[in-house]
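Going by the order they are written in, the chains are A, B, C, D and E; count residues from 1 in each one.
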Amino acid sequence: GCGGGDKKADSGKKVLKVGMECAYAPYNWSQPSADGGAVKIAGSNEYAYGYDVMIAKKLADSMGADLEIHKIEWDGLAPAVVSGKIDAAIAGMSITSKRKESVDFTKPYYYATVVALVKKDSPQAQAKSVADLKGSIATSQLNTIWYDQIDQVPDVKKLPAIDNVPGMIVALKSGKCNLIVTDIPTAKAAAFANPDLTMVTFPEDKGFKTSKEDVEIGIAIKKGNKELADAMNKVLSGMTEADFNKIMDEAIKKQPLAK
Amino acid sequence: MPETFFGWVVYLLQQYGSVLLKGAVVTLLLAVVGTFIGCIIGLIVGVIQTIPLEDNDSKVKRTLVRCLQRLLDAYVEVFRGTPMIVQAMVVYYGAMSLFDIDMSPLFAGFLVVSINTGAYMAETVRGGIESVDPGQKEAAIAIGMDHIQTMRCVILPQALRNVMPQLGNNLIINIKDTSVLNVISVTELYFASKSAAGVYYKYFEIFFITCVIYFIMTFTASRLLRWLESKMDGPKDYQLVTYDPMMDPCGDIPLPTKKPKGRY
Amino acid sequence: MPETFFGWVVYLLQQYGSVLLKGAVVTLLLAVVGTFIGCIIGLIVGVIQTIPLEDNDSKVKRTLVRCLQRLLDAYVEVFRGTPMIVQAMVVYYGAMSLFDIDMSPLFAGFLVVSINTGAYMAETVRGGIESVDPGQKEAAIAIGMDHIQTMRCVILPQALRNVMPQLGNNLIINIKDTSVLNVISVTELYFASKSAAGVYYKYFEIFFITCVIYFIMTFTASRLLRWLESKMDGPKDYQLVTYDPMMDPCGDIPLPTKKPKGRY
Amino acid sequence: MEKELLLSVHDLKKSFGEREILKGISFDVRRGDVVCIIGPSGSGKSTLIRCVNYLEHPTAGTIDYRGTDVNEAFKKLTMYRTKVGMVFQSFNLFNNMTVLENCMVGQVKVLGKSKEEARTTALKYLKHVGMDTYVNAKPHQLSGGQKQRVAIARALALEPEVLLMDEPTSALDPEMVGEVLRVIRDLAKEGLTMVIVTHEMAFARDVSNRVIFIDQGVIAEEGEPQELFTHPKNKRTQDFLSRFANA
Amino acid sequence: MEKELLLSVHDLKKSFGEREILKGISFDVRRGDVVCIIGPSGSGKSTLIRCVNYLEHPTAGTIDYRGTDVNEAFKKLTMYRTKVGMVFQSFNLFNNMTVLENCMVGQVKVLGKSKEEARTTALKYLKHVGMDTYVNAKPHQLSGGQKQRVAIARALALEPEVLLMDEPTSALDPEMVGEVLRVIRDLAKEGLTMVIVTHEMAFARDVSNRVIFIDQGVIAEEGEPQELFTHPKNKRTQDFLSRFANA
């Protein structure tokens, strides 16, 4: 398919089918009502909202298409894009060259700064630099660049990755580990929901060293779907990192946790 | 925002109660329909697997039946031997990319659960058929029934009764195992609760609710099936139409009833 | 970079072969040990569930046994009725946060799989015990054996034989179901393949490899168990020590051997 | 006048794998005959009677029905089997059906009769064996003797020309043997053609007009019951009969 | 001189739920006695003999062993059961053991004998019943008669004072009844004390020195076999015996 061009809705408008987990606030979450501008999830009575949905809405609007959100488990997203079940996966995916073997990515639609999430009462909470985290027991999410960043902590004991965020939080809270490496939005949400946790940020030169590519979050689309890539990139090119952060702040404010 | 564990449970129940319930309905639907169709598949496969080959059957028929049986053997082994999540992905996304068949997630879900249950039930049904006293089959043949009639009227009703407990087990397993179908965007109970957990970052609270819902479903299912079993066994007593003249002349000889299990 | 499906399969196999294999070993270890311990748990629970209560037992013993049996009923229902993934979370993280017990992931994995299998096997064992001809028990009691001796020497060996096919089923199910243990950081096969798939987004290629590995494991397991079953049945023939003088005077009366299933 | 020839078995052979169980057996059954087959355990009596009903396919030899080979006379063996009924040692009543249904199912499914008709016929024969009061019972609720009487009624309900019985009383408590033998005796008096494998020597002597003694897959001796039981010619027959003097 | 009193049953009653099956039964068994118990199906014969071995607990009444209540004389019922052996209608050989193991397990586990000793005793009694050549066979490889002979050897191997038998030949093909009865007859001749429930009237008359006819849970008639079989006093006994004239 050529990206929303071939499937028409009743209104005759093009349809942009976007997949996400709807279980990863503040990027994307599901809620019972349309409050605040959430979009109905296809084939269910739930509504999806979050940073990804906000971006998706912008993209759909600019392409003059109707937005259709599909709720798919993480592992199903890539096959869904490859097989054409959805046009794009907007789900906080990191752009890596290896993944580009299977799917195409648009320009980044967010830059995810890497931070540490720790227990408030633990020594790690006082860390001023990555070096201060020395000897921590750490883990992160499966298939993220954050998991690789753990290696920068000196003498770190690295546990196997965990494949979902809540699982990670449980591990931290139970004391099985005392350091989680993740991005700011996730850490903020987690700290919000769990008052005993806190997010530790570092000055630029003392934080986790990342290349520009490491923090790029992109939209996955089917390989060779140039038309859709161009359409999306046109919109994304018009936005700056500041714009992204503004939208993210709005998403963080709007997430159910914040109420 | 609530402070305590149960405070959160109540709060989440208010927020996500209906979503979880809907997820539970999908789960139940998938499990029940899948188990049902799976049983039918299992039944058919089981019957084909037990087709007797006579010495005087034509060579064509023999090869045909043999081939079919080997094929079904392969089906059973492959689908029992690989994880359902992979089966789901292959069926749903594979059909789309290879044959451009765009089936709905729920349909794919039914398909996968049915095929999977079918593979498990096939073995069970075969066991059930083989556990029916061979004398039953002989008697049916001796009054002139053919293979189909024998199976339909005599063997299968008895085999099914033997298979009921296993069927119940399968239903329970399916209620829990449909959770893998969220990779093909079927929002069943587990996925629903996972997204609730992903929004509030409250794992134990949500899963406490989910477990209770699962437990209610599986418990109800298993009790219902036990009840069904006892129902299938029919009434323990029967009505004599009138007095039996051939009964013992010395009077009170009770009919041999099934003795209750002895205690010693 | 490879172009074709199988090109990728080969490439990924080179890249991730050893990781997947390690995952497979963990999976197999978990499944085998878990099933084994689970069977023992199931056996014990099954034996307790079938303790006979005599009319003349003391009230204390009766209440005690009854309580124990109800408790075990609850165990079976709860662990059969809730998803293993949640059980794993509660055991692993719950033990840490509530009781400060820091068990290793693998240990927790063994624990969870064992407890879970135990709940399933308990029902199976109970069925197996009940399917042994009650006459066997009577005969054992009649020569003066007590409940434990009867169970150990006579009933369980026969019940175990009946239960073998179900045990095989459970092993196969466990091989596949251990995949949920990745939430407690157990890196088994499914988790290993998932992480490999996440790198290149080559889900189908990786899962093709994984399926083959799963299939090899389950297939081998099921064949091995069948072989074990036939082994348990022992030799079909036996040696006469000498000629039997009490045998029929008219000569050639063959011993009644089990008739092969008739064909008609 | 010779009675009408119903069945004739010619040089029947049957092997299981390498082992030849029946080594060429021939006999005729005429209308009204009651043939009893006796012989030691494992001699092939059951195999023989099962071959006659084509429950086992003979390895060699033919079975003629009214002078024509069964395979030619009937397009389908199922129809032949309604002409030649069978009663088993272990009753084999259909466990999932009531007594009445047991006697109706063959008529409805195989002969294609209406349910009403089948019901009437079933009741007639159930009455014949004294089991018409038990129509609603399930097999497991009956005693052995009662089961066997129902099994006979089930076979009779198809109104066969010949009734084969394989040790109809062997699985019964001694007390219940009587009621079943009584029923068979009545059927014999009414002129039903029967071939009965039995271990009840007294009964065989009484009821039959011919006795066949089978040993090691061949007919070792054959004749009138009075003659065979009182003056057995064959050594083996003598040995065999001597074992029924109850130790 | 009176023979030594081994067992005496006093006013034994047994109910299952509401139904009273045994309604007060008393009898004595002295050393060397062979008591046969006969009666119609369902009259409570099996229940009685099972009560004597405490396989069922009597609802009321007592059983004395050598003059003392069993519950007092033995600390554990298991020891009592080695003194009073039991042979079942359906053999109940342990399917998971060979013939020899069947006869050894009780001696080793219950009497605590050494394996060697148990083996010698087992072989002795297996020889007695003519089954010593089958020591390595599994029960499913034996014929019914052979199984029952092994079951008798198993009971004898514990060297009990009294042997109870519940219809030892009812589950056998008629041909095999003889071999088992012959064994029992031999045991009787050697003076073994036995209580036998049986349907074999001819055998009961031959072998026993007392016959008890039970009907509807009470002893309807009791006496010397000659007397009871030829001149039954009770109407019910007459009715019952008449049914064994084989239809």
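Here is the rule we use: a residue touches a chain if its C-beta (ideal position, glycine included) is under 8 Å from a C-beta of that chain, and two chains touch if they have at least 3 such contacts.
Model, not experiment: these values are computed from the prediction.
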*Can you give the shortest number of steps from subunit B to subunit C, where adjacent chains in the path must touch?*
1
*Farthest from subunit B in C-alpha centre terms, which chain would that be?*
E
*Between subunit A and subunit C, what is the separation of their C-alpha centroids in Å?*
41
*Between subunit A and subunit E, what is the gap in Å from one C-alpha centre to the other?*
81
*Quick one: subunit B and subunit E, Cα centre-to-centre, how many Å?*
48
*Going through subunit D residue by residue, note those that touch at least 2 other chains and give them in order.*
40-41, 55, 57, 143, 179, 243
*If you look at subunit C, which of its residues touch at least two other chains?*
54-55, 89, 94, 138, 141, 203-204, 256, 262-264
*Interface hub residues of subunit A, defined as touching at least two other chains*: 75, 79, 82, 164, 167, 170
*asked:* List the residues on subunit B that touch subunit C in their complex, please.
replied: 52-55, 77-78, 80-86, 89-90, 93-94, 120, 123, 127, 134, 138, 141, 165, 169, 172-173, 176, 179, 190, 203-204, 207, 210-211, 214-215, 217-219, 222, 261-264
*asked:* Using the touch definition from the top, list the residues of subunit B that touch subunit A in their complex.
replied: 1, 15-16, 18-19, 22, 85, 89, 92-94, 96-97, 102, 104-106, 182-185, 187, 191, 194-204
*For the complex, which residues does subunit D have touching subunit B?*
53, 55, 57, 76, 78-79, 81-82, 85-86, 88, 90-96, 98, 105-106, 109-111, 130-138, 140-143, 149, 151, 154-155, 158, 179
*asked:* Touching residues of subunit B toward subunit D in the complex: what are they?
replied: 54-56, 133, 135-136, 138-146, 149, 153-154, 157-158, 161, 234, 238-246, 255-258
_Contact footprint of subunit C on subunit A as seen in their complex_ = 75, 78-79, 82, 96, 98-99, 101-103, 139, 142-143, 159-164, 167, 170-171, 173-176, 220
